[in-house]
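Each of the two complexes below includes chain A, the first together with chain B, the second together with chain C.
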Partner chain A sequence: MSTMNVENLRKAFGETEILRGISLDVRDEEFIALVGPSGCGKSTLLRLIAGLDEATSGRIAIDGQDVTRLPPKQRDVAMVFQNYALYPHLTVRANMGFSLKLRGAAKAEIEDKVAGAAAILGLDALLDRYPGQLSGGQRQRVATGRAIVRDPKLFLFDEPLSNLDAKLRVQMRTEIKALHQRLRSTMIYVTHDQIEAMTLADRIVVMQAGRIEQEGAPLDLYDRPANAFVAGFLGSPPMNFIKGRLQDGAVVTRDGTRLPAPGTRVADDGKTLLWGARPESIVPGADGLRGTVEVVEPTGPDTQLLVRLAGEPLIVLLRTRAAVRPGEEISLHVAAGDIHLFNADDGSRLDTGV
Partner chain B sequence: MISSRWTPYLFLAPALAGLLVFKLVPIAVAVGGSLTGMSLMGDLRFAGLENFEYLFTDPEFWSSLKITLLFNLIINPLQLAVAFALALLVFQPMPGLWFFRTLLVLPMAVSTGISAVLFGLFLDGNLGPLNGFLEWIGIGAQPFHRSQEQALATLIGIATWKGAGYWMLFLLAGLYSIPASVHEAARIDGASAWQRFRYVTLPMMRKPMAFVLVADTAINFLFFAPVYILTSGGPSGATSVLMFQAYRAAFTFSDIGRSLAISTILLAILVVIVVLEFRLLRAPEEERS
Partner chain C sequence: MTASPHALMLRYGLLSVLAFIVVCPLAWLALASLRPQAEIFQPISEFGWNTFIPSVLTLDNYRTLWEGDFPLAVKNSTIVALTTVVFGVTVNALAGFAFAAFDFRGKNLLFLLVIASFMMPFEAIVLPLYVMIRAFGWTNSYQALIVPEIANGMVIFLFRQFFASIPRDFYEAARVDGASWLYIFVRIAAPLSWPTVATSSLMLFLAQWDSFFWPIVAASAPDYAVIQVAIARNINFEQNDWGGLFASTNLAILLGTIPFLLMQRFYVRSLISSGIK
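Here is the complex of A and B:
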């Protein structure tokens, strides 16, 4: 049973505010992903939870106990670092057993726990090697193993896969997911990779400029982003946005193109809005929006098109092998439920009621 | 076109030529010269191992060897320890750090000769401010380099004053090269400040420490100027290190062969000690690969 609560947490370095009042409740056994662009404060938040940095104000509790001013040692958390931070002068075995040795555990107990973690991660054959003799993926596994051996209340991951190549990253992502399902521990995972966040997390927390923009289940955030930032951050390729004025149930762009705006009276006529549609929800259809195909990129399973529509570039992801060529005209359709509308000034979502 | 097989050697040639001219040839000349002697007529002649035979039966040589080894046995670990302590001290961020770092490195900029002369004045029995101070606090004046008991220790003190800041720089660079995340991982693993020093900092400083110890040893085996300026090997031979013996053999007794024999013995001792030091500080992760 391990929960983690953060209340109105702030962190400033001199005049620079990194975290501007973060509140977050993590439930037992939950896998939380903190995502956001570089400098959004996600890693700082993780470091405060770990106790590596001290909060300027606010409160952190683990299992209900206030740990805000406690050193890392007394928080019973384990952390996997981006560069793994293995002890280069110790073998894999000694790296994994280091925390237990410091705690004064018996030799047999250390051996036992290290062997257990090594078995889970397939490290048995590597126990007597030094970190310098391991590949990137193996080091990552040792770093994870060092955390498992501790059997901590909280697992913290700080971009653990970003130093791996693309193929290995996908493989290790699956391993971490399997690990969570096996251990059922509470995990907090920082990443800038929204695919990692989407695939791994029970709940995603999207951060920007020291604030939480939105939190929720991955698909909820994907389907109903609370603002244009979250809408643009989650999804690859990202959501298309076109600016226009609301007029008679449509968003009218600069060049007079009328983009369908579902729902009734989301705002007063004449208001400037952002019209948004995800690339995969734009499909060819008769009597739709007319655009010109500029680039065709077949990837095998699908085809990505760059279409010029209302003078704006629009990315369209077709799940078929489209027989279109650059320069051709295309008619495109978006279902009413797939259209997102946002306030142009603050980016907040307008509920279309569809 | 030059055959590609020889291209690497072509690039290495300037460095190899320098190594040959400035290192290997002088060593060969010294070793060769140690096997020569001067006849009464002033002619150079081959003397075989005569110079070594002479030295090995000369009590002055044995006493000098003992002093050289004692001097190095104390000064090298001492300078390493002091330099490490200073590096740790100025590694922690604090206001005005640049001032203290500069202060510690400053002795490096004073020439060895000048620093010896200055210490001569500083430690002087009549005019020296240090003895004035010692008398004032009730300890009483000390003879320092003018006494048989304190002379070697005084020279060690002077050399450490001058050397510690220099060696500190290398160790400071070593401390900076330890990734912060490794220390953080240790903190999360539950290590106290002492445990982090003992189990993380110290083992990860092996390479810079090995470099400092070896380079410092090489320099201290050739320690000469302060001996020449302050004590002339005295009082009663208490500071007569082998380098000073070699100097005297060459320039007081004009026995170049004996001087080169002493230098050759110094070189041999140095090689053995440096190999031992490298072994002592070799990291376990390097032993296997």
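Here is the complex of A and C:
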């Protein structure tokens, strides 16, 4: 059970800066998801915390102790790798007991801990198999088990589910969440999948180009994204953006369509803005924005529409089985509180005060 | 794939001729060693069955070998070759691992030198090597035959290629778990490298088993004669012992295939079980 602090951490490979000053405090028992597009530096940050790479500058502390220059084995962290890194010539039992044996633990203790972890993960029957004889989901569980037996201060996960198929990924996601609730350990989880981040984490850290864009509880980030990047990254399907100029309390698009802009005092008239609305907050309503339905995609519980509005494509997610057909005109409405406004130049959020 | 009977016949016919051409000299060699000295070259002038089938079979040539210096040469070659394999595999595997797993200053230049070392003909370094060996006082000793052959650029290259193909995650997972690099090498990298160990062992063994030039330069004393040197000594100014030459050549070939047959088992098994992915 422990905390982790990162202060102004930088990492450069030659001329290329991967991390440009990261500061992050992880509380005891917290589940943190580092999320961002590939190349944003999230995996590098995890590797620095593990001690696999050395920071160019800055400070990493685990439980208050400065570990910035310590080798991995003195940090007491366990890491689950994307490719699981199970040694093919060792059985599941030997793979899971590897770190304990290395530490010189007694045979009985190793047996005991491996059996304990195997029971938690449902691996009892597989202990004498080799990794090559396991399915993807089982291998993932063994990799997690190898981390559990160590009872480390910190669990690090590097995209642990990205090699699984979609169905298994959802199942393993639930298992990892249950595991965290059971072990109550501090976990840092890297993923590029925003759904994984949303569902698993107590707190999400969104990264881009070596910087933290925003951190906070999943739903806070979803409801009040600090900038257009976070707004577009979290949520599937993603938020719709339409560019326009602010004029008399509305965002006027290129073709003259007036999109409602709550909180008229957000900026001076004439300023170029990004108008944003999430697909599920756009609903059919009389006297609203008029668009043309181009594509209708029923998924069972929902219907996803592609609507052409003000010359821009707009994704609308209806929680009903809508009886609309391609080519029809549709009138749409967005509640004032569901409209997001961003600066067009730097993407920062404009507080509408609604 | 199907082929017409005629095409098949043609194919097998051509292959049979080719096989005959390849096997013929070896078969002749094997049979010649079983002939009495006087008969060895006699049938060549009158080509016929007698060219291949000896009229009298005798083990005299082998008996003479057994009573002479040849057993000592076999022993010398075996000691030299096996020691080279043991040290060579260890040293070259460690070097290959270092090239694959570590980033250090001058790594590329060093690796280029390793590659250059096996591109270069051995004859080019015989003289400086001999001067060095003599300065150490190693002439006419096992060290002189073994030590220069331990480091082998080709084997380092093979190991580097293999270790570089192991996912880095393996090394990193072990490091996070607290393993030292030597532990990672011994417990993870080396056990996975059986195919390369088998190939390298064979290469090192055969290089020593077949070596002639360096042994005759560095250890020409009869006590340290290796197998190829012993074979060559059948022909000298006083006499041409063709029977001895053929018999010793045959034995060298037969003994040389033993490690291959032993290794083949590992070779095949490791290819099957090394499924890393």
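In this section, the second predicted complex is superposed on the first by the 353 of 354 C-alpha atoms of A that agree within 3 Å, B and C clash if a C-alpha of one lies under 4 Å from a C-alpha of the other, contacts with A are read in each partner's own complex, and residues count from 1 in each chain.
Keep in mind that, in the parts below, a residue touches a chain if its C-beta (ideal position, glycine included) is under 8 Å from a C-beta of that chain, and two chains touch if they have at least 3 such contacts.
It should be emphasised that the depicted structure is a prediction, and the values quoted were computed from it without experimental measurement.
**Q** Clash or fit: chain B against chain C, after overlaying the two structures on chain A?
**A** clash
**Q** Applying the document's definition of touch, where does A:115 land relative to chain B and chain C: first, second, both, or neither?
**A** neither
**Q** Identify the partner contact of A:78: answer first if only chain B is touched, second if only chain C is, both if each is, neither if none is.
**A** Once the two structures are laid over each other on A, A:78 reaches both partners.
**Q** In the superposed arrangement, does A:170 touch chain B (first), chain C (second), both or neither?
**A** Neither partner.
**Q** Which residues form the common part of the chain A surface touched by chain B and by chain C?
**A** Common interface on chain A, chain B vs chain C: 50-52, 71-73, 77-79, 81-83, 85, 87-89, 98-99, 102-103, 132, 146, 150.
**Q** Flag every residue of chain A that touches chain C in the complex, lowest number first.
**A** 50-52, 71-73, 77-79, 81-85, 87-89, 98-99, 102-103, 132, 146, 150
**Q** Given the complex with chain A, which residues does chain B contribute to the contact?
**A** 179, 181-182, 184-192, 195, 199-200, 203-204, 206, 283-285, 288-289
**Q** Along chain A, where are the residues that touch chain B in the complex?
**A** 50-52, 71-73, 77-79, 81-83, 85-89, 98-99, 102-103, 130-133, 146, 150
**Q** Along chain C, where are the residues that touch chain A in the complex?
**A** Residue list for chain C touching chain A: 167, 169-170, 172-179, 183, 188, 191-192, 273-276.
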